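Note that chain A is present in both complexes that follow, paired respectively with chain B and with chain C.
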Partner chain A sequence: MVDTVRARSRLYKALALVVLLVIAILLPLVLKSNYQLGIAHQALIFIILALGYDVLLGFTGLLSFGHIGLFAIGAYTSAILVMSTGAPFLVGLLGAAVLTGFIGFLIAIPALRIKGHYLTLLTLALGEVIRLVIRSADSLTHGSSGLSGIPRPDIFGYSFRQATPLYYLLLFFAVLAILFVWRLKISRFGRAFMSIRDAEIGAEVCGVNTSAMKMMSFAISAVLAGIAGSLYAHTMRFISPEFFGLGLTTTLLAMVLIGGRGTVVGPVVGAALLIVLPEALRFVKDYYLIVFGIAIWLCVIGMPDGLAGLGRRLLKRARLIA
Partner chain B sequence: MLTIDNLHAGYNEIAVLHGMSLKVEPGQIVAVLGANGAGKTTLMNTLSGLLRAMSGEVLFEGQPIQNMLAESIVARGISHVPQGRRVFPGLTVQENLMVARTAATRKAPGGWDAALAQVHELFPRLKERKDQLGWSLSGGEQQMLAVSRALVARPKLILLDEPSLGLAPLIFEALFSAILEIRRREGTTFLVVEQNAEQALRVADYVYVMELGRIVAQGTPTEISRDPAIEKAYLGA
Partner chain C sequence: MRMISRSVAAALLTAGMLTSASAQSTLTLGMVVGTTGAFAGGEAPLVNGTKLAVEDLNAKGGIGGKKINLVIEDTGSEQTGAVNAFNRIIGQDPVAIMNTTLSGFVLSQIGTIQDENIPTLTGAASAQLALDKKGVPPLFRIRTSDVRVPAAAVRFAVKDLGAKNIAVLRSSNEYGNGWRIAIEDTLKSLNMKPAIVETFEGADRDLTPQLLRIKNANADVLIVSGDPPNFVVAVQQIKQLGLTMKVILSNAGVLPTTLKLYQPDASNGIYGTVDSLPADDPAHKDWADRYRKTFNLEPDYSAAEYYDGVMMVAAAIAKVGTDKDALVKELRTVKDYKGIGNTYTYADKGDGGESVAIVQIENGKLKLAANVK
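The block that comes next holds the complex of A and B.
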């Protein structure tokens, strides 16, 4: 009775995602201003980024502080490809995904020998190195003044310059990412990732190639970061190295932890919440960070398994009463 | 089936096994007894590829397997039930078993369904709890799951590292009768390391006694339990 029945909880999660999808499709009817749509754009992009981060952190149990570096590489790769070679948006997107995937793979090589806090420190350093390299590569990236005037996406002659079409394009990619990560979770690879998170020795003696699986997890999460980066560059139309700093790393971590790591719904809700909340808290002005900090603090104390865990608990309680 | 010859192994530069030699014949249950720190777990981890051997030879069905990857050793037919069971707490019982699927599971007659049916028949408790998460299992159930995970890979040899650890005597007894049942049905060979000598002596066909990384005595369970010196030093009379 108290036990989690996976199949049933999967059904509830599916329902929750369908409800979210319907809300997401109807949202532009409510959001009138470009400012509001702009927040929605960011939320969708960060959903993709947080999902990828969850593959690494929540599924495989590897805590990387360099993920924003991959996000930055994706953004710059796509922007530079499109702006300096005149390549179409989809080529920029693909280039970003391929390059970040490859770099994610490279990062995984030292990560196989290093564990726990040391891995986190190593990735922290790598993330900062990426940011500094971007800042110093003046001729390509315009250094700390950043890249501006990045064109909005244009796919086969159809322009997504307007906020509403762009919203639906981003929604399309976010839904794709959700479906992909969901399918991944219940696949052989998803189970292998989680077995490494839960008991690495157990995974090894079960014949799981833990090295290959960790590299794959890094690469998958990096590809999602690259896609999110490309979408970010072409949505915001301006990127600079300062944005991709440690502050954003912390926000990304908070998205996954508050939402609920190791789940699919968690990063989606967490990303949306942490993008919308600061905007909703604008009215408290300078006290915003204090309120935000307390909110996160309360979340961590009250919901150790994130919002997804809270949802599960409430469902269970409802079932017990019924 | 398994021949270990003059095996040296350990962690980094520190050797724990100093020239281990032992033999396991097909269909046997061989027990390795020894006190804490004798190197029993190091032996198991070296055999299953979790640790590298420093020197010496491990032959499985005539082929050297020392320093092969854990994955390849499983593929050759050796499954390791590690100390502390290492069940995946965040996965269901069913998913725990699914992680352990290998090419051998698919190739065996009946494939995965047959493997699952076999496990459920041996341990009906695991069938009842198939959708339950690993962390919610009792120690005995976790040990059943760990043994079942090994079985799914259709092994010829199963390495059992301290199966009695933390189990109530009654549950431990049930586990050992399951092991005898597995051998009867599948002809599986077992290499068991144990601190709990009494139980091990009851089921084993042959016994080795280990001390500080070496074999110091061997014989049938009767011979071993009759030896007064061994009884005093290792069996805690």
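The block that comes next holds the complex of A and C.
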């Protein structure tokens, strides 16, 4: 009986995913202006970034305020590789993923010795240090002037300069990231991450190598941040240290918390919502920040498990009624 | 029933034709500025100047019989917001775009500006936006470049104020960095170097450590570059910490909207750089009076420059029509256009405005201290 319910639940989830994917594929037929496609580009990039952040925060329970620093490293690595050496986009993307993964791994070493608020403070400082280093390394990063003229992705001679092909490229990477994180969650690594989040001592007693798992969580999360950073740089075509500030860290945290941490669908919904909502509320003109703030506040009060949690609760209730 | 259907269809058709005719009889002028967020106050004069120009043109029947419809999109004073706002405007098919003054924001739009090739006029002053650097042909600067303004501030400090030790307090962004470089270069040409260079973050609301280090450096002139919220803190703390050297603020520090935020006793005697002082020019008295009457605000150079920008676009449209390529080409032929806020040149890779003036704050108002070449 339980197996049948689980199988049916998986089937529904798979069906929902297929429907969402079809909608995402057909979206450019509806989103015709560059503005609408530009918002979709940003949403897809932030879905990848938020998914990576959820691996760290939602799966492993480690609150980092330095994630935007890794996002920045990914963006700058890819842009510098492509612009200075003439390397193809994919080399830039790979370089960004490898370097941020390595830095994420290095950050994890001191982070293993501290927990809770101290870890948050350490990562907050690291994020700011990364931003200041980027600003100071003038010869490499052009300092506060930023890097402009970053080329749009070009893969094996096919240019993604136009908004619609670029949308499909970003969708491809976002789908890959979703599948990867979903597979990670149900793997033994995902279970180890969640055991650390729920009861670290218990996990250790059960034989989970918590240090190795935390390092892996940091590294995976950083790799996704690096990929998102690379895609951001080549989509926006301009990056500067100003963009990668603490405000963006707060937005990223809100994406995961409002969407529902510890889930795969949560960061996807959260990222899409927090990118689209401020734009959708433009019609209320100068008051949109108030409306946006109230909407976020209502989300937090009414949905402590995020939008994903609300979905789960509604499904459960529907099943009970049925 | 059929009668009613026909009436409804006819009404709809008429309404559609009217809408279409109305769309054809107007020209859309786009504007991308911060109407919310930290830079909304500083960018308000740009909107005023643009609105006044549109009003004047429409009062004369528009351009070629077509009225101008001004559409403003908000950047939210954020970089991503500036890109999104620019894309929103493009979707409304504007003949030209009056863009934000924030250099970093304009740099983030450069790719789109180049792709769309719509004449885009900006008051952003960063040297990076020059055509021989990161600038692109459809981007026109309606302002004097940061290569000239900080240099003028230094020359005024040395020649008029007799400065021997010049301290620099600058924001960490592209604007502040541009000022630092230009000040250091000018001092170098005068065989001098800064007594001290201090930096602050845009969000900093306490500059005590920087100002105390400047105090200890025994500087006789302090040049401050930043955005309006930074100046409010700097001016107040300069007074509180007892810094007695002469102070020169970059342009945003002497905007009418910023002046209103200073304590009078803290700002008296402070100098500032402007491109011009239209309120002080008898030749532009009518314009200045109309501006005061319409917006209940003292006119400033940035409002005048955006007014000039709209007028230059209008002149170009009147000459070559609304084709964007032709408009860009036509605007690139402008040479020594004497406007209210500046004199502009875009021909031969011209970089926009050329004039610089130094003003002094006196009881919350500005008086001309010097025109610097």
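Convention: the second predicted complex is superposed on the first by the 309 of 322 C-alpha atoms of A that agree within 3 Å, B and C clash if a C-alpha of one lies under 4 Å from a C-alpha of the other, contacts with A are read in each partner's own complex, and residues count from 1 in each chain.
Basically, a residue touches a chain if its C-beta (ideal position, glycine included) is under 8 Å from a C-beta of that chain, and two chains touch if they have at least 3 such contacts.
Model, not experiment: these values are computed from the prediction.
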item	value
First, second, both or neither for A:G38, with chain B first and chain C second	second
Touched partner set for A:S159, first chain B, second chain C, both or neither	neither
Which superposed partner A:A192 touches (first chain B, second chain C, both, neither)	first
Partner chain in contact with A:G262 - chain B first, chain C second, else both or neither	first
First (chain B), second (chain C), both or neither touched by A:E242	second
First (chain B), second (chain C), both or neither touched by A:A203	first
First, second, both or neither for A:G143, with chain B first and chain C second	second
Overlap of the chain B and chain C footprints on chain A, listed as residue numbers	none
Residue ranges of chain B touching chain A (in the complex, touch as defined)	48-50, 69-71, 74-75, 79-82, 85-92, 95-96, 98-102, 129, 131-134, 136, 146, 149-150, 153
Contact set on chain A toward chain C in their complex	33-36, 38-39, 42, 135, 143-146, 148-149, 236-238, 240, 242-243, 245, 278-279, 282, 285-286, 288-289
Interface residues, chain C side, partner chain A - complex	35-36, 74, 76, 79-80, 83-84, 87-88, 90-91, 104, 107-112, 126, 128, 134, 172-174, 176-178, 202-203
In the complex, chain A residues that touch chain B	3-7, 188, 191-192, 194-195, 197-199, 201-209, 262
